[in-house]
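The following pair of complexes shares a single chain, subunit A, combined with subunit B in the former and subunit C in the latter.
Take a look at the complex of A and B:
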């Protein structure tokens, strides 16, 4: 447990604050919807409600993360967001296909949702057309993925933020500045086991000390891609859930924890770690936990 | 012993090492017959493709890669593999005309890619999930019984230079933790 010398930025979106020194704000949890198969709206409706209840119980803010993979589902998912996510709360859209990202931005803009949107994500595959669209329809917050195919180490992740490893005309941070997104989260790009997967965790304090930006990752991806865990299928779930605590331990600010089905376990385990960190950092570094921090809940 | 032909780790099953067919599974649940050399799934249009290249040119008996199952949305990994075979990479190591989001080949050298283009022919069955049709195509390819491409080519994984740190307080080459538990940038 430690504290950073560099001033740490805190960004807010629709009441959710992310970033800061370890022990100040709770870890923000992104719970994923619609990764597999067709969107299951009825189940998702209840899962969202349950996740907000968990968030209230533990103190960890939640941002529902909607995976949009087909154009034919786009409008339906946006309508679902409008209907089911309270108007004062944020959400994120996770899209891979560049054309679909553009269409999504346009619809979010038409529906006046950009102020509540976390755009997931800007990376070295971001196209010029996408950049032009982002300039016209600026989301409130964006996740910048520090994936560098040339170098997966923390240095490589810094390189891609600085100069995009020379794969694009400028670095990812300059692209974010160019398109006008003011609030950014750095995702340290967790890769499969065997691909320097630990670097996603090691990079968290490096990036936070370098830039002071809120930083985190989807470390559960490493577990999901592990074939070694096939030898321990009963344990895969708990390994997946537990892997998230690496993020706050290394000073990180948010965890994209994967399928929402794991929320019941992820919220208490991460809240518990936030409590441990806060106890130490308040006593040792004088970092006061926020009013809604899990440690406050602990004494209620 | 047969795994000497597949030096890069990954999720794959090896069968008959001197078969001329490798099968790449996209979105499909299917086990090819054990008459193929190797099969496994492809997810990403960068690291995933690199592993397929390395683990097919290493076995000179493999002359065909059959791609089957629905394309991976967003990543478009199957189509990106076809683009690599047809067009190679540009000066930024991007696969030319690949439709995937981040189709960069960074851990293989040009010789390995040239070898891949010469040794392997891609059989495009992207979108096909009918197991009978795929089995039939595999049989057809096996009957062609192409000869070995010669010597095995072991692709060396390009690894970036690392910084060795002798400072025991260092968490990383860029930061260290001081005796008060403060993280600081090194050299400042």
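Take a look at the complex of A and C:
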């Protein structure tokens, strides 16, 4: 285990704290909903409740992450968020199409939801129109995806944060500053196996040491694309769940996991790893765990 | 067909679809650069260029090499953090792809960023010895060229820093780069080389390539020397959006013939075209080809 020499930032959104030195705060879990595009509200309603129960049990904060892929579903998903996510808790909107991102920001602003919004995400595909809209409707927190099509290595991820690998007029971190988002999370952009997928994990300590920003990724996506696991069908789910512990092991702060059906396995396994790391970092580096850390929940 | 060929120095402008890159990532698909290589190569072929390149669309040319060599990392200025070693093909896969899509009558140039230019482009945090660093670059580049020659008709080493500084070990450095390479070898140096001509003529290349259009005084300077090497004549500017007319290019070629006579074997833009709008770059290439055909048949 290790500790970073760079001061580590901790950002808070609606009571959820993310970041810091390994062993300080529990890993925050983003659970993905509606990935396939069609919302399934009845099932999702129960899954969200279950995740909050799991979160209370282990101490790992949860942020529901809502994929919005079709404009026709936008208002319905926002209404669902208003109704089902407690007013003191954050949520994340995960959208790719720039026009839909702009419309979502406008609606979230109209409904006074931006203070609870994690904007997923700012990246090399972020358009000028989107940037202008972000300036007008600033979300409380944004995920910056360090995907660099020119270079998948950890250095390539630094490059895209610094200068967008010259694919945009400025680096992603400067774009964040320009639009006025103060709290950011760095997603190290997990890639398909064979496409340097390990770099997403290796990049976590590199980026935290370089910038001190809260860092994580959706490492489970790599499992989904590991076609060789078809030969081990019984194990695929286990590997998917277990992949998430890479985040705390490498000093990371958040894991975007899915499908949410696996939440009841993901929470305890990540909490288990958080406890191990906390024990070591407290003994060796003097990093005390937060009051809601799984170690406090289960051992004090 | 004339023995004088139209060609390019290297890069070609393309517009990237950043959102498409991201969507591919989001769908966990591998990033492909083929669309952009296609755009560059298609334009060169349509313009009628005899010897095309891969367009160097991925990056500024120095970064293409530094990104893939062990010991370098890309920052605002690339940094040397370990011993330079060749770890994988740099341009070979793109070149193989280009070879597979171009008609057989077209030639292909393999492009290499020169060791001195790579050295001067980096912040050295490891060697503290410019010469040692340059020779390690040269050794690594030699590995790349040896792989490349199976797929190209000529190799072109790009050393723009030679117009500013030329180390006294330049000849040995280039011998290392070109060791065991038997195909036609071109050296491209843009900028003002008027004071470097005697050194350039001494380097182990078959063809010298310079920006004669932007620096016409080079004609007078070269007159002072017994030019034993062949010449790639820069005929259209790569730093000016104005498209030179066919007749203007013909006049320029004639100036070149007056100095170099039959030593001219290639006509090209002054340098890589990546800083120009794509449409402008294409028009420049078209006029270059038309002028070449009228002068040389």
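Throughout what follows, the second predicted complex is superposed on the first by the 298 of 300 C-alpha atoms of A that agree within 3 Å, B and C clash if a C-alpha of one lies under 4 Å from a C-alpha of the other, contacts with A are read in each partner's own complex, and residues count from 1 in each chain.
Note that contacts are C-beta pairs under 8 Å (C-beta built on N, C-alpha and C of every residue); 3 or more make two chains touch, one makes a residue touch a chain.
For clarity, every value in this text was computed on a predicted model and none was experimentally measured.
With subunit A as the common reference, the superposed partners subunit B and subunit C clash. Of the two partner chains placed by superposition, subunit B and subunit C are both touched by A:123.
Once the two complexes are laid over each other on the shared chain, residue contacts for A:284 go to subunit B alone; subunit C is not touched.
Residue by residue along subunit A, subunit B and subunit C are tallied for touches, and B comes out ahead. Of the two partner chains, neither subunit B nor subunit C is touched by A:86. In the superposition on chain A, A:150 makes contact with both subunit B and subunit C.
When the shared chain is aligned, subunit C comes close enough to touch A:221, but subunit B does not. When the shared chain is aligned, subunit B and subunit C each come close enough to touch A:192.
In the superposed model, A:167 lies in contact with both subunit B and subunit C. Contacts of A:95 after superposition on the shared chain: subunit B is touched, whereas subunit C is not. By the touch criterion defined above, A:69 lies against subunit B but remains apart from subunit C after alignment on the C-alpha atoms of chain A. With chain A used to align the two structures, subunit C clashes with subunit B at 112-120, while the other stretches in 112-120, 130-138 or 166-174 stay clear. Comparing the two interfaces of subunit A, the one with subunit B and the one with subunit C have residues 96, 98, 123-125, 147, 149-151, 155-156, 158, 166-167, 191-192, 194-195, 225 in common.
Subunit C contributes residues 16, 18-26, 28-31, 58-60, 67, 73-76 to its touches with subunit A in the complex. Every residue of subunit A that touches subunit C in the complex is listed here, in rising order: 96, 98, 123-125, 127, 145, 147, 149-151, 155-156, 158-159, 162-163, 165-168, 189, 191-192, 194-195, 221, 224-225.
Listing the residues of subunit B that touch subunit A in their complex gives 9, 11, 43, 46-47, 73-75, 92-94, 100-107, 160, 162-163, 171-175, 177, 181-185. The residues of subunit A lying in touch with subunit B in their complex are 1-6, 69-70, 95-98, 100, 123-125, 147, 149-151, 153-156, 158, 166-167, 191-192, 194-195, 202, 205-206, 208-210, 225, 227, 251, 284-285.
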